[in-house]
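Inspection log for the structure reproduced underneath, given as structure tokens.
Order of writing sets the labels: A, B and C. Residues in every chain begin at 1.
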Amino acid sequence: MNRGIVGSVMALGLLTGCSHDRPVDPQGRHTVIWLYPVDVGTKAMTEKLVAQFEMENPDIHIDVRAVPGSQYQTKLKTLVAAGEPPDVFVCGDVFFAYLKPFLSDLTDLARRDAKEIDLDDFYPAVQKAMQPGGHIYFMPQWFNVSLLYYNRRIFDASHEPYPRADWTWSDYAGAAKRLTKNGVWGSTVTTGWWGEWLTLVHGAGGDLFDPAITHATLDSPAGIQGLTFYRDTIKDGFAPPPGMGPATGFASDKVAMDYGGHVGLWATYRQIPTLDWEIEALPKGPSGRRGGEISLTALGIAKATPERESAWRFLKFMSSKESIRAHVDRGYVAIRRSVAAEHRDANLPPRNRAAVEIALNSAEPIPSSKDFVEIALDLVQPEIDRMLTEDVSPAEVTKKATEAANAFLRATNGAAK
Amino acid sequence: MSRTQARWCWLMIAPATVGLLLFTIGPMLTSLWLSFTDYDVVSSPRFVGTANYRYLLTADPSFWVSVKVTAMYALGSVPLGLFAALAVAMLLNLDVPFRGAYRTLYYLPTLLPATVSGVLWAWIFQPTDGALNQMLAKVGVHGPAWTQSPSWALPALILMSAWGYGGAMVIFLAGLQESPRALHEAAALDGAGQWRRFWVVTWPALTPTVFFNLTMGLIGAMKAFDQAFAFGQSNGAGVGGPARATLFYVLNLYTKAFEHFHMGLASAMAWLLFAVIAAITFLNFRLSKRWVYDEATG
Amino acid sequence: MKPRLIPALLVIFIGLAICLAPLAWMLSTSLKPFDEILKGGINFIPQHPRTANYSEALHQFDFLRSFGNSVFVAVLTVLGTLVSSIPAGYAFARLRAKGSNWVFIGLLATLMLPGQITIIPVFRLFASLGMVDTYAPLILPAWLGTNAFGIFLLRQFFRTLPEETMEAARLDGASEGKILMRIAIPLARPAVITVAVFAFLASWNDLWGPLVYLHRQERMTLPVALVDFVGSAATVQGTPWNLVMAAAVVTVLPAVILFALCQKSFVSGIANTGLK
């Protein structure tokens, strides 16, 4: 019994010692905690950048806390909810609206150091996305816009002219249908998230919500038109049904086009030397809009951090020209125009960089509702899944999705903001 | 004397008592209260009466779907698993040599955590590269898009669950071996055939074990989470997908609680689940008087 | 062996083949190089077996560290379970105290409880103690007798001990504590082993707890690491199933080894639970 008691007390002592305080750096430096989503592709680059920052700023230590990428949002929210937010975390994308209450408003710092960060060096569309409501809450490292990818070898084999920037939906659908033969698919449909169907809804002139986000507008004629086109890519047979296409999609060299792929795919496709790929802007929908979205990968600072100045120095570094150059070398697109002009990756595909500018200028921002992700994924997506696999009509799907979204908005609009 | 005994008793059960209060009774009461609030962990809970329950039961599209999915899973996997387990146990109960080895081998799959089974079977059920569809293709059958098909994803999970019923099999086997030999022989001497002997002698003695396995199986199915979560992560259709086909009740709860931080809503879901499990278990116990053979009452 | 058993044996073997085929498939996939997987086809024997899959999986996603984490958590959990469950099981079996029955009934009732019903308040509790992203939430409850199943098993066992032995020791002047340590526990070896193995498996295979409480990648335990790996390891050519299966095999190995060692008492332990 005695040994048991002693053992238990020791273990308990060990465990309570596992509780949380801010880490104290043995060298007395300022410690900035960065919650970082682990990605095998960027690990080396990130480590190098952090090492370089610490070398240039010997009074600051970056405590990189790696979290599995697929659970980043959950973990971040849990930490925020438990009252222990990291000092620096990733934001600027679709979760910004949710995270805004926890972000420090950086406008004063940005104004003070305006020369150093040189906002005008960023593309106009990026600048706009960087300043929701006129305030700056984060500093970006790279951006993502939706593009049309195409496989030149497949197009050449069928003597099909390449996609052009003035393509419309019918041009796109026509080419895809003609190219679907001999084990090759004309295009692919991405399922499981809002990326493509929302783009098509935009292209038809509609949107998921009204601008004030008081109710869902998916059941408008434009919404139905967009979703009908989405469904028809499978129904008309030029895109494989979910799960039935080549497991690697466009990378398999058996798919002629990828509608809505992001810039982030460049690093991936460049790893396949036999894949002859190129990009173009998304085709215009019936309303004249292309409909693609823009999202930024950026770093923000927690409102309650005791290390705001040190964290801000880290943010400036990570968005500096040097850091952007490292990102370009890693396969990302340059977010600073000056770095883009250096053409560091000019000898790598894609060649049609103009498509990126078009995409930037036609990009639509993500709705700034903190419930957007939940509504899009949990309430709308299941209906769309059914439309794609069980032959439910777009009209019915939009009706159900809109009802569910509205019920949700009603139920939560009484909630505390 | 008995006072010293009482003191020792309380001393020995002290940790368990603290645990019971701290980790079970206290939290149960707290979660009951939370179910009547709107609570996102960041701000304080805000009392909203029965709003959570009303939303779940009338307006939330995912609630009744997840109830249905869980019910279908329970109704599919429990009978299938019990039947398979009983069949195997009966086979092993015959005087086969190396019975112990077979028993161990059949039990092996249950050692796997549900996450590994989920991942393994997601791989086997993969529509284009998975082993199952490839085998079916060899006999000319075009297999469905299992993990990506709303109609086939749940059956896939049910099939997978039967694989893990080794525990029930071992219990059945033990139950069968307790079955009174003398009665069997007497019945055989009386001229009773195999079937009749089973119904009159084996089955009644087996009913307590069937009851136990049924109860545990049902409760387990209603609480299922790990395999659905792992399955969803592996197949790219999103967790609970496609089209909510694998949205188990507890998975729905987890998503609401830890991805969207609707803690009040999730607590309401938890209490509804508890109520259902308690009701079903109670019903199970009640009905058991009808068909479970009790040594004492006959 | 009676000839009429042959059909039965046949069915048993077929059943075993179906049952074990997925495990064999898991093992064989874990030894295949990636292009063999891409080629497809049902080959149980890899053409060019590749053990490098294991070292790759272990290092690429830090599986070695997750393995160590799982061991740490499991060992401390089992220790805590035994420390709190053995005395409790004994007390419920052999000692009388007013009100102790209520505690026992309460513990039994927790067997029917879905863990999800208590998770939110318990999470709040640990969050307020600053213990989120530590192992405390996973280990601490075990030390406070939360393994009701183990307590129940031990109680059943302790009830079978002859009262005379205890009485004799009492008459000799031994306290209840001494009786527990010197007499009861040594006799309880099979039950203790069963409880220890069950507790180990429960902790080793636990997904829910680590999923909710652990954040940093280097703290992850195996089940979470595995699920994460699958969710995020997709490369240009698709999910590296061979590496995933290698990781899965590593995850399962300790349980299989432990089971092989403690088979007899473990299986009889399970068998006995259903009969009482």
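Heads up, the rule we're going with is that a residue touches a chain if its C-beta (ideal position, glycine included) is under 8 Å from a C-beta of that chain, and two chains touch if they have at least 3 such contacts.
Just so it is clear, the model here is predicted, and its values are computed rather than measured.
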| item | value |
| --- | --- |
| Touch-based graph of the chains, sorted into line, ring, star, complete or other | complete |
| A-B or B-C - the one linked by more C-beta pairs in contact | B-C |
| Separation of chain A from chain C, taking each centre as the mean of its C-alpha atoms, in whole Å | 39 |
| Centroid spacing, where centroids are CA-atom means, of chain B and chain C in whole angstrom | 17 |
| Inter-chain centre distance, chain A versus chain B - centres from mean C-alpha coordinates, in Å | 38 |
| Residues within chain B bordering two or more other chains | 41, 129, 233, 236, 258 |
| Junction residues of chain C - those touching two or more other chains | 83, 127, 143, 177, 180, 212, 228, 231, 238 |
| Residues of chain A whose C-beta touches two or more other chains | 70, 78, 81-82, 247 |
| Touch list for chain B against partner chain C, complex | 2, 4-13, 15-20, 22-28, 30-31, 34, 41, 88, 91-92, 94-97, 102-109, 111-116, 118-124, 129, 131, 134-135, 138, 163, 167, 170-171, 173-175, 178, 208-209, 212-213, 219, 222-223, 225-226, 229-230, 233-234, 236, 250, 253-254, 257-258, 263, 266-267, 269-271, 273-274, 277-278, 281 |
| In the complex with chain B, residue positions of chain A that touch it | 70, 73-74, 77-78, 80-82, 101, 191-193, 241-247, 374, 377-379, 381-383, 385-386, 389-390, 400, 404, 407-408, 411, 414-416 |
| List of chain A residues in touch with chain C within their complex | 1, 4, 7-8, 11-12, 15-16, 18-21, 38-40, 65-71, 75, 78-79, 81-84, 247-248, 251, 268-269, 271-272 |
| Complex contact set, residues of chain C against chain A | 60, 76, 79-80, 83, 127, 129-136, 139-140, 143, 177, 180-181, 212, 215-218, 220, 224, 228, 231-233, 236-238 |
| Of all residues in chain B, those that touch chain A in their complex | 38, 40-43, 46, 48, 51, 55, 59-62, 65, 126-129, 145-151, 233, 235-238, 241-244, 255, 258-261 |
